[in-house]
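Residue numbering begins at 1 within each chain, and the chains themselves are lettered A, B, C and D in the order written.
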């Protein structure tokens, strides 16, 4: 019943979006709420029933459910064919098809669930903003695109959702389009995403060329069929290209620069799109393509290294930022790095689990920060906050829960997922790869530090607010706090779904996901080559002792971070000094300016910054070649031109008097003389033309009748 | 009585076509010229349907339907032009529509 | 059903002989005669009325040719739609002086001659063609009348999820209509 | 010969299908006479009903309760001088009412009063009906033009613009009903009027209730458009007496004017028949799928007789309540005779119902079925006719620009939406 009509899930929010775009301007806010929030609530309930039905359908085997509505692109009867690498032809064929397996059901549940809560929250947060219907229309459109992305059964369909969420991200970042910074940020996000999208589409087409299909199930069957060697170069290239796409969407080095700027959008948008759902699309896509990635160890290593670098890099920037949302933005980038680290070391389930828990606590953090901003009448700078604990109690304790979760304090959600990732990193491969573990460990320390720094600066330290702001501080309405509370409960409890074996749990979550990833674990072990991953295999090896030690270490890191933050900021009065700025001013400057990456990009790619009068990088090369073209090549051309001109002057004379005089004007005069009688025939009556047509008809007729 | 065959329909269609052609070629009133065009189209339709019957398939009838659609479009556009023209020159005589001659 | 009934009704599935040749001659005569009126009447309204009679007669001929759907379309589109439009426009542009002026243009002898040549051509084509065996066959192939609409529909729209042979052409025809509507609206609007 | 007639009652197909020109002619004559009588009755009922809406008595003098008034009116109109204005276009003026009348009456050839009670079951029935009824506008346009007078011309232009506009919404509503006929195993629909009713029979639902509220919406659109299509109040701008004297038939008088009236009422009955056929199950009696036992058949077949009995009783009471003055004696006798006639018809119908109660193929049973079909069809149409009168008594007239705005900006989009949704639901739901 529900499973067969799975295509309706994205259509509910699409319906809401259509209503908003066509009729939204005339609707009351209550109607907008009813339509848009209602659509998402219905989608959530439908998704829940669908997943329940799916578990009955799959009987724990994880057998994917596929529903193909119609062929959307290409066709089965010989159009749009292409020649595969091995010389056979395959048809370019993408269905409007839907795939439900454990992986997509997890995404489906938390996207609709968190999306629903954020919709409810937005009714309170956006209550006094203009463009209310536009906002909700975009949000619903986003839900539609995201659900399409999740439920797609092939790369092309996924690409539709991929581009759709990119578009919605652009629209929502630029929601306050009258602000220059917002529209610039929107453009930046869109353009950076395009780079990733190019990589993605190239990767998908490479796969299609190599394997002959876009469908995940086909690709998985082929990739796991054992026809390809580990490290097949084409598959490696395809995986790397796909990873470029993931980098763009999920904000990894070097394409992470758009995400911090995306905070220009309204806070619910940051929570929904730029923390909980859209940015995890890259993780989803890599996890979805795991069969290909497993065959490309180089790509896997790239993913792991890029993920670890991003994690530590972003966390280091987050240490010193003052804008509350920017801290969270860098935190998001850092946590996404964690996820990719997990994927890269082959711990797909751990990465997905971190996506799952992260969705709750990061959405909660953003929504809480939105609530803080709401309470502070739009103030976002933490230097002007402080002592909000008792004035907005609900926001305070929910954010505290989220902070504990993200810092990895037992037994909050973040502890389990982060610990799992670190453990898998440690256990996956020895040797130099242990460095990745140290990087991740350092990141965990930094995470605890900057999150508690945020908490202390905002809630505990002495008040640094201006008088007006202090006067206006108020707790947010019910529509905003209730989602916060629900998310807080989820942030506490979500981790228990995968209580690790070592602590006497049974890791339900990983069991559930096992069918999606387990097959390649088997492949790898059979090949006996890559000891890099295979979580199931390592299970037997690991000693509880090491795992306990690592757990203790990460708890200790969280504790140390907490302690340092408390020491530095618990008594930060007005005009306080950052400890890093005091101890190491150059490092502070470097971190505060985000390692000067944006400036570097400006030098190298966009050309907005110059050294003196000379541009560097890509634009510089363009300018240089432009100069070369203008001075050298054009100069030569001009010289040649002068010679030509001289010749032309001579030939002009010849042309004017000899050719024109005799050759052209002569016949012209003749033609004019003939034209006087000819003019009698075309005398401006339309019907004459019809008569000529009849004459032509007669001619044809005579030819065919008497030929 | 001779049974009616395709030939009979062709004769009727030919007659209608010739009448339409005369109207197009000789009348001054644009409206009547347009009507004569409709006559011509009808003659063609009659031919198509008669041949559809002769060959026993429906393609001719489908063509006839398309021609009817075409005639509707032509009438709408033609009469629109005529109204616009009449508003400017207060005439519907085709031999006074000669601005482009100059 | 008793036997008397059967003989009384003479049910004759498929191709019931609904019309005698007299019907054809009557309809054809009406069509041609009112066609003559169309091109000779000075008054445009009379011409339009004559044209309506021609169109209805042609619709009757379609019925005799076992093309009921085309006949229906002919009535609803031509007689009900296009001709009302014509009458409307005639009333809008009706000016007194047109009834006092010449009805034919200056080149009418030439036009008449060309049309006459056309008639000779058609006559000779028909005479010539009727001698060639099988060019215009005497017999008429059976066409089932009762499912005519359904068959046309399946040619136009396809059936069971497949595209019909003429679906694309049909869409283009609808596009043509849309363009014609827009054109007519824009041209007749006083201020755009 | 009696055998010939009686045997025909057993036929299961229409005369058109059977190729029987004789019976087709008989049907045509019966329908023509029936519709003419119905129009006369409508005239009387409309005047009486309107009068009672406005707390008046209406015609009371000619015959008991004015029952003979329409006949008197008809006689007057026939005897009146037929004036043709000097500046009118004689021929067109003469032919215009005939066009309207022809269009209105031609439609009846495909109206199914029962599965075999129609002149012909055309393959393109509904298309034919829409097409021919749209020819009626020609009569109006031409009459307004031929009168060579301002009010008629404005009236004609208004009415033709109005009818052409509402035809679009009407056609789309009809298409959505036709679409519903294709929701069967074979996936092919039908345009035949009889086929449409049979489709409702097979699917076990009147199309007004199908895909609720889609069928209902389409029906409402049709019901509004058909009022505009017949130029009745509140859409009677074409003959708005306060603005245009009498609209397109201002210059007409006598018999020719009565032809216009006849055409208008015949067209009303015709479009009501379309509505009944497409959405209200045509000739089917109520609840044929729930109450399908033969006993129910029998009970429902008593309704025609009972109706006539009820009318007879009313007429009888009317006769009894006449004042005892000698002035009313002749009226009382007339009413009593009328009541007796009605009672006799009632008796006849009851006898037929009882004689034909067995569900076999005997002639009596077929005859009883035929009467049932026609009775239920006519009853449904009668409800619509009463609605027409009710509208006229209740609603004020629209302004012309409002009328066009509703037609193009409300009805057309809604009917398009209904059509689209019907198509989508029809694909998804089964």
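Heads up, the rule we're going with is that a contact is a pair of C-beta atoms (placed from the backbone, for glycine too) under 8 Å apart; a residue touches a chain by one contact, two chains touch by 3 or more.
Keep in mind it's a predicted model, so treat the numbers as computed, not measured.
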I want to compare two interfaces, A-C and A-B. Which one has more contacting C-beta pairs?
A-C
In terms of mean CA position, the chain most removed from subunit A is D
Geometric centre distance via CA averages, subunit D-subunit A, whole Å
64
Measuring from the mean C-alpha position of subunit A to the mean C-alpha position of subunit B, what distance in angstrom results?
60
Once you find the CA centre of subunit B and the CA centre of subunit D, what distance in Å lies between them?
37
Would you pick out the residues of subunit D that each touch at least 2 other chains?
none
Residue numbers of subunit A (touch at least two other chains)
685, 687, 691, 694
Multi-chain touching residues of subunit B, meaning two or more other chains, are 21, 25-26, 94-95
Touching pairs of chains, all of them, please.
A-B, A-C, B-C, C-D
Write out the stretch or stretches of subunit B touching subunit C in their complex.
1-12, 14-23, 25-29, 31-32, 34-36, 38-39, 42, 45-46, 49-50, 52-59, 61-62, 64-66, 68-77, 79-84, 86-87, 90-95
Which part of subunit C faces subunit D closely enough to touch in the complex?
1-2, 4-5, 8-12, 16-18, 43, 45-46, 49, 52, 68-69, 71-73, 75-76, 79-81, 83-84, 87-88, 91, 145-150, 153, 159-160
Touching subunit A in the complex, subunit C uses residues 105-107, 110-111, 114-115, 117-118, 121-122, 124-125, 128
Looking at the complex, which residues from subunit A come into contact with subunit C?
685, 687-688, 691, 694-695, 697-698, 701-702, 704-705
Contacts from subunit D onto subunit C in the complex sit at residues 3-4, 7-8, 10-11, 13, 16-20, 89, 91-92, 95, 122-124, 127-128, 130-132, 134-135, 137-138, 141-142, 145-146, 153, 156-157, 160-161, 164, 167, 187-191, 361
